[in-house]
């Protein structure tokens, strides 16, 4: 299938034609370019500037150089928040993706009720917000919560999820798994993009289910995996509402995500300059990780037709 | 011959067993997914006094349907629903238009700096929203947009990184031959975009519609910060009415009735759009 | 040198503003070009040339519960009816978590909310010189200086500079011991009263606790708002101690003082040693004491008086008593509810009129709705108010006279509470660390943060 090349042609033979094409390209891109400049880059640059100031929102910012960044380095809670976000991402992203892929494979067959099942799995992603988060607080309650009530019925004494430092983060990871439907759906789409003939041919050649999965399915959906991984990293490092409402960062800062830490400083402690600096650090972390994933992608992401282009 | 038949027979047997196992796993998982929903509905039908009791009531003894009536009347639900509808409608129009329009430029037309712009665009997805909130607020305030729907609606007309990305991926999969023949007939790129590309993008547009609908419908912070008048609030904001304060607890039963009602529209939309939705994602091919 | 710095600041400020305006201009231009996309830009309807300018103001408060919120709106209607054509107030109620960000954003945009409800966060606004000095306005109200009507000594706490008031108080809150009469009657135990001590509470609670095998079916006591620092501090106060050296701009924290330690220990023990009260795990069912009390499974709990109006809807008989004594001393916190008026608001006169009206004329109506305890003594002691109150309220109201402010004022206090005090006390309530360790930890870290500046 033809693919638009992402690289520009080196030779410019027909100058005016290229120029007209470029003008048209800019016209098409103009909403995005203007949007970037006005709604994103403008505020981003302002926030970069603010990260070098002492700004409490109430009065005008005062330039303090890199003090915010220096202060951050010495703050115990900053490192704690990095640790929490890192653990959460390292666990929840692969776990969520594995479960999502597993579900997608199961849901990728023709069965009665399969559409209903898909809808059910997707359901959690269409709702969000404080109400749902409050519901989770309820569900995880050590004594009366649904989860521990169920566990008790099968003879297990459930932990004190939200009040126990060792379990609060696990509880939040469970809520993230609950919302795995979006990832699942994208995997499902990837699976449906695999031509049936390939698996049929492999089966005729005597390949078992596992071999088909390992040598056909996985490579064929590797671009989808890549996509989900990038989105997953971005999402996990920015998770906020759940942590803020369900545990509020506690107990003993066990769920102090960097986004929660940032929010507190921005809007509760009125250290907006410091919060802006935090945001930039978070931004750089996400950026570096994403670039790393992008760079590593040639090693494990398989493109059917784009290989020869590179 | 007999060996083949036997193999064949055991294969169907295997298939059936596998189907059964699959179904069991899926049903069990669905149970896990549905528990919070079940609990939400169950709570929404309880009396205020029965919400916090142990052992919990799974199914309320006397379902309090009037909780829903109370929630609707207390909330002025109609007004909030129509505000939400207006915002969601324009945001969807804006997003669909700007994303598909821009994506055509990014996928089909060459211009210096195009790919850099695209990378920057994608980079903005990684930026935590809390940090741009204050400068953005100050900007909208300085042009008098606070307490209007504009801060929610207008940015949608200027593209959204993720949707531009999805559209671009989709356009890449469309064969160029169609456009080339139209070009021969003298069509401009704008004609091509509108008369060829857009009509072909039904499923991906449906996908983006669902995403946009859900995100806008559930957005809580933006309308809360920008809207002051209660008569302009959206459903997501209005739900906080039953949330209580740190010192006075929530009206859990009413909150859950309101939340239950509020999730109906996105669910209905998903069920309706499901077929296009999945296909839409399939067709983008999602290639890095 | 200083001039240079100043200029640098100026230029940054200008840069910020130019940035905002520049981006805005582009946005506006593009919007105009797009046309039609702006359905919601409702220009305020062109008004007929008014003879006197109507001052429209916005008053903001956080949302409490549907009933309380609705009464706030009714209050605004009353005010608007009285000042028709002159002032018009519109109430905006929003969740606590977003209340302060919105107040702060309004300051950031140089268009502060005309009047917003006080809480300690507003002290930070005072510190930045943003809050109007309302002393002259209060002086203009004759009654305000009358100690029989307004509690002068307690009001003085809002004179942050020692001489002038920076907020206009309208209601007073305190803590009390709420108890479930039905449970007391069933057990044949005498109700707590103004002479009950914390030691007595343990004895009474023991009698009211019921178990069924391993499971507790009824608790004698719940720690309620003692789980928050401003609740538990009463125990330290009653022994002559406290948590910090002074209310305004404290310089050190004293959680490891013997008085503070005794109080905290009492609370931890009632949950984990005598087990007369549900522990944190059980309590977190609701996260709110009223929920546990509301379930009818707890005989008594110390809680805020703001719960009176919500508790009125409980399906059982209940009453209240003053906070118990420690030995022969009682201590309890009080707080004011009231209005802060930004110095640079657009209509400070209208905002002040609203706040003063709330604190004077409206007091009797406030007494009738019984949502809040009016600050004005005659309204608070009026039959209209007391008739709807539980019998024990009288004793509570009398005890308020000796209550102490349950706040601490320092620009750093939100961070200290959020990062040190609350998480550490939570560990105590979860029985994860000893009271002694917690005291040491808080004093060390919190005091250090105060001096960080």
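When the chains are written out, they are named A, B and C in that same order, and each has its own residue count from 1.
Definition applied: a residue touches a chain if its C-beta (ideal position, glycine included) is under 8 Å from a C-beta of that chain, and two chains touch if they have at least 3 such contacts.
Keep in mind it's a predicted model, so treat the numbers as computed, not measured.
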(message) Measuring between Cα centroids, what's the chain most distant from chain B?
(response) C
(request) Select, from A-C and A-B, the pair of chains that is joined by more C-beta pairs in contact. (result) A-B
(message) How many angstrom lie between the centres of chain A and chain C, each centre taken as the mean Cα position?
(response) 38
(request) State, to the nearest whole Å, the distance from the C-alpha centre of chain A to the C-alpha centre of chain B. (result) 15
(request) Among the residues of chain B, pick out those that touch two or more other chains and give their numbers. (result) 52-54, 134-135, 139, 157-158, 240, 243, 250
(message) Where in chain A do residues touch at least two different other chains?
(response) 34, 38-39, 42-43, 46, 57, 130, 143-144
(message) Quick check on chain C: which residues sit in contact with 2+ other chains?
(response) 16, 19-20, 23-24, 27, 30, 95, 101, 105, 108, 285, 287
(request) Please name which positions on chain C make contact with chain B in the complex. (result) 16, 19-21, 23-24, 27-28, 30-31, 34, 37-42, 58, 62-66, 68-69, 90, 92-96, 98, 101-102, 105, 108-109, 111, 285-288, 290-292, 294-297, 304, 306-307, 310, 313-315
(message) Which residues of chain A touch chain C once you look at their complex with the stated criterion?
(response) 34, 37-39, 42-43, 45-46, 49, 53, 56-63, 77, 130, 137, 141-144, 160, 162-165, 244, 250-253, 264-265, 267-271
(request) Using the touch definition up top, name the residues of chain C that touch chain A in the complex. (result) 8-9, 12-13, 15-16, 19-20, 22-24, 26-27, 30, 95, 97, 100-101, 104-105, 107-108, 124-125, 128, 130, 280-282, 284-285, 287, 411, 414-415, 418-419, 422-424, 426-427, 430, 432
(request) Give every residue of chain B touching chain A within the complex, in rising order. (result) 19, 22-23, 25-27, 29-30, 32-37, 39-40, 43, 52-56, 98, 101-102, 104-112, 114-115, 117, 120-121, 123-132, 134-136, 139, 155, 157-159, 164, 171-173, 175-177, 189-190, 193, 214, 218, 220, 236, 239-240, 243, 250, 252, 255-256, 258-259, 262-263, 266-267, 269-271, 274, 277-279, 281-282, 284-288
(request) Can you check the complex and tell me which residues of chain B touch chain C? (result) 48-49, 51-54, 74, 86-87, 90, 94, 134-135, 137-143, 145-146, 148-150, 153-154, 157-158, 221, 224-225, 228-230, 232, 240-251, 254
